[in-house]
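Following are the structures in question.
Below, subunit A partners subunit B and then partners subunit C, in two separate complexes.
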Partner chain A sequence: MPTLRELQHDIARGLIARDAVAAAHVVSDEIAAAARLAVYRNTIVAGLITALRLSYPAVHRLVGAAFFESAAQVFLEAQPPRSACLDDYDPAFADFLDKFAAAAAIPYLAGVARLDWAVSRALHAPDADALDPARLGALDAAEQRRIRFVPHPSVGLVRADHPVDAIWRAVLAQDEAAMAAIDLGDGPVFLLVQRRNGDSEISRLAPATWHLTASLCAGRPLQDAIEAAGDVDAVAVLATHLINGVFTAFAVDEAGGRQPREISL
Partner chain B sequence: MKRRIFAASALSVAIGLALAAQAPQTLAQGTKDEGMMNLPPGANAAVVKQNMDRMMAQHLEKCFGINAVAKNDCAEGAHSCAGQATQARDPKSFVLLPGGDCGKIAGGTLKAG
Partner chain C sequence: MPPFAAARTECSPIPARAGVGLRFPHHRAVAETRPDVAWLEVHTENYLGGGTTPAWLDAIRRDYPIACHGVGLSLGSAEDLDRAHLARIGHAVERFAPALVSEHLSWSVAGGRYLADLLPLPMTEEALAVVCRHVDETQNFLRRPILVENPSTYLRYRHSAIPEWEFLAAVADRTGCGILCDVNNIYVSAQNHGWDASAYLAALPPAAIGEIHLAGHTVRRLEGGVTLRIDDHGSRVAPAVWALYAEALGRFGPVPTLIEWDTAIPPLETLVDEARRAQVLLDQAAEKAGHADAA
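Right after this comes the complex of A and B.
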């Protein structure tokens, strides 16, 4: 008798990898064991392809349903879900497309996929109140230099070599004139994705602004982030992000220490 | 040393601008006050306003085609019959040619990779 863990492992492997190991555990009764398992396998595959299609709608439009389903099937057999929540499936699809030989003719596909994922994450992220700028007023200059911001859960940053935001909009709007007008040389693009008032919002940032924003969202102390960003109008970036609710909280490390002194939620 | 001072003052000014934007009725008054005198070069309300206008222009971006409903709801594929439909999909008959809108993108190509 296999243990439950062995049984689960065999069934999972048999369903995804299509080998016969799972069928040995299934009773054949009028309907053969392999045929019974095929029902589960097909349901799982259809569910996972649907999950990917919902997360990557622009990719789906770009390559068409048949190619998308074929590519998704190759992907899901190599990288089945690790989470029971299908909303988490799967950020690795963009990296997969980047290296997928059959999609090599579409150099911007992985970039569009990353934007698709960022938008999907923005839409599914939990709600969080924006940081009230008034809470920052009590900090002295030394504390302001060390401040670390916490980004809103819906905030995502995408960098792509091609104008994937224009492609994304044109394809999802089915605007053929806009598709024809796209200049693939109009890149790279530096994008900020955020949910505001219930909808996703995609903004193009200047490269230095994007790098500063990425540093701040990664929790880098303000002084370090500004120095690393180079020539950037830090005031405008900070004010715009505070107004737009890009941050939800902050922490200030003790001078020379690593423990946050304060966390404002 | 100048940069160290700047990081802190940048945040101070940004806080002021953000607070002013939260209370538009006090902005006009505020811009004439000493608050704006402390602005570093290149940092002013006009820049922030430009950014805001740009953001507002793109505001309420419609997420075409996105179904924000949790995928575990899975109306499609929840039934075994829906699963059976995919049985015809033979992995060997892989579609090598993208058949979607990529051909309509300028500079796009329809050749298999």
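Right after this comes the complex of A and C.
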């Protein structure tokens, strides 16, 4: 008699990889064990395809249902999800599409997938209050240089070689004229995605602004981030981000670069 | 990880009346038209994040008692519960202050891989001990009892030794959890495995029954002309399930009853109409219970 752990291991393998060992544990009568297991496999595959379709609506439109479903099935077998919270699972699909040989004919597909994912994440990320800019005024100049910002959970940064924001909008609007007008050479694009008033917002940033924003969102101290970003009006960028609620909190590094002192979280 | 303190907001108890499952396409209609149903239930996992989805529920729960029905905790996994997921459930329970919290007698996680379905357990002493340990852990973490729902199943394991109804009753007895009696699931499993649905109902402890589920199912024809009933929640409740529901009410008395519909979701009015049918039977059961009390 298998232990529960052994049984579940075998059934999981059987359902994901169609391994025959699962059927040996299951009663076969007028309906074969394999046919009984197939009912579960079909439900699992259909559920994950639906979840991916909801997270990747533009990819689904671009490649069509048949291609999407076959890609999703290959993805599921290669990388089954690890949590009931499928939001943590979905981003790997964009990386998968990047390497999926059958998708190579659409060079911008992985970029559109990353944008799809960033939008989906923005829509469902936890709620958090925006940082009140007045709190920064209480710091002296030396402290301000050592600020590390905490980005809002809905904020995502996407860089793509092609104009995937224009493609994304045209595809989801099913706007053939807009699609035809897209110049694939109009790239790379540097995008900021966030939730504002309940909806997702996609903005194109200048490359230096995007790099500065990415550094700040990664928690790099303000002065380091500005120096690394090159030619950019850092004050203007910061002001815009603060007004738009890109950050929710900040900490200040101790002078000498030790552990940051918490200011608000 | 600290357990959650008592819910910060008041929650209305779920009455022994008919409610419907709240699904995304009906958020606006429910908030704006306030349909005549006694309560609503959501899939907990759909409301774990932020943004507009949980905001709808924040608004709707001001007008209706709410139940949170989980599908992702995998109470029957041999490995440990996913504590991060349990914490997410805890946050949702704190935010929405549901009157009932429920999960399933099933598993969906093995070796850290999540299989997005409610898979059947082997009916063994080992599995019973595992489920009881995980129900205890969940109830301790949430600081409240939960309800555990009987599954609909399409297979049995060769080494299963305990009837499912005894297994479920033992979980309730050992952990103090309640039972979410899914009458459609009992009917589907009984048909698929040749069980006696009435005997299943008779084996459940009436005092533990905290909620009843009703839903539609389909009959799938397989090779060789054999059929399997599939619990797809995509149609009206079948006549035979209504009959079994009346039998359940006769045994358990009036119990909060939910209409579930998850595939090919119809207009809200159809769900409200199904709830109205359940309410007629609930009213009859309440009347009988009243007569019995008076006698």
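Observations
Quick note on the criterion: the second predicted complex is superposed on the first by the 264 of 265 C-alpha atoms of A that agree within 3 Å, B and C clash if a C-alpha of one lies under 4 Å from a C-alpha of the other, contacts with A are read in each partner's own complex, and residues count from 1 in each chain.
Simple rule for what comes next: a contact is a pair of C-beta atoms (placed from the backbone, for glycine too) under 8 Å apart; a residue touches a chain by one contact, two chains touch by 3 or more.
Worth saying up front: this structure is predicted, and the values here are computed from it rather than measured.
Look at A:187: by the touch rule set out above, it reaches neither subunit B nor subunit C. Of the two partner chains, subunit B and subunit C are each touched by A:123.
By the touch criterion defined above, A:207 lies against neither subunit B nor subunit C after alignment on the C-alpha atoms of chain A.
Look at A:5: by the touch rule set out above, it reaches subunit C but stays clear of subunit B.
When the shared chain is aligned, no partner comes close enough to touch A:91: not subunit B, not subunit C.
Shared-chain residue A:80: touches subunit C; no touch with subunit B. In the overlay built on the shared chain, the residue A:60 is in contact with subunit B alone; subunit C does not reach it.
Taking subunit A as the reference, the larger set of touched residues comes from B, when subunit B and subunit C are compared.
39-40, 43-44, 47, 51, 84-87, 89, 123-124 are the residues of subunit A that lie in the contact sets of both subunit B and subunit C, per the superposition on chain A. For subunit B in complex with subunit A, the residues that touch the partner chain are 3-15, 17-19, 21-22, 39-40, 42-43, 47-48, 51-52, 54-55, 58-68, 70-72, 74, 76-80, 82-87, 89, 91, 94-102, 104-113. Of all residues in subunit A, only 1-5, 7-9, 11-12, 15-16, 25-27, 30-31, 33, 35-37, 39-40, 43-44, 47-48, 51, 80-87, 89, 123-128, 153-154, 195, 198 touch subunit C in the complex they form. By the touch rule above, subunit C contacts subunit A in their complex via residues 45, 48-55, 71-74, 76-79, 82, 84-85, 88, 107-117, 119, 121-122, 124, 126-127, 130, 154-159, 220, 222-224, 226, 228, 230. Of all the residues in subunit A, the ones that touch subunit B in their complex are 38-47, 49-51, 54-55, 57-58, 60-70, 73-74, 77, 84-87, 89, 101-106, 108-109, 119-120, 123-124, 133-134, 136-137, 139, 141-142, 144-145, 147, 167, 170-174, 176, 179-185, 196-197, 199-203, 222-223, 226-227, 233-240, 242-244.
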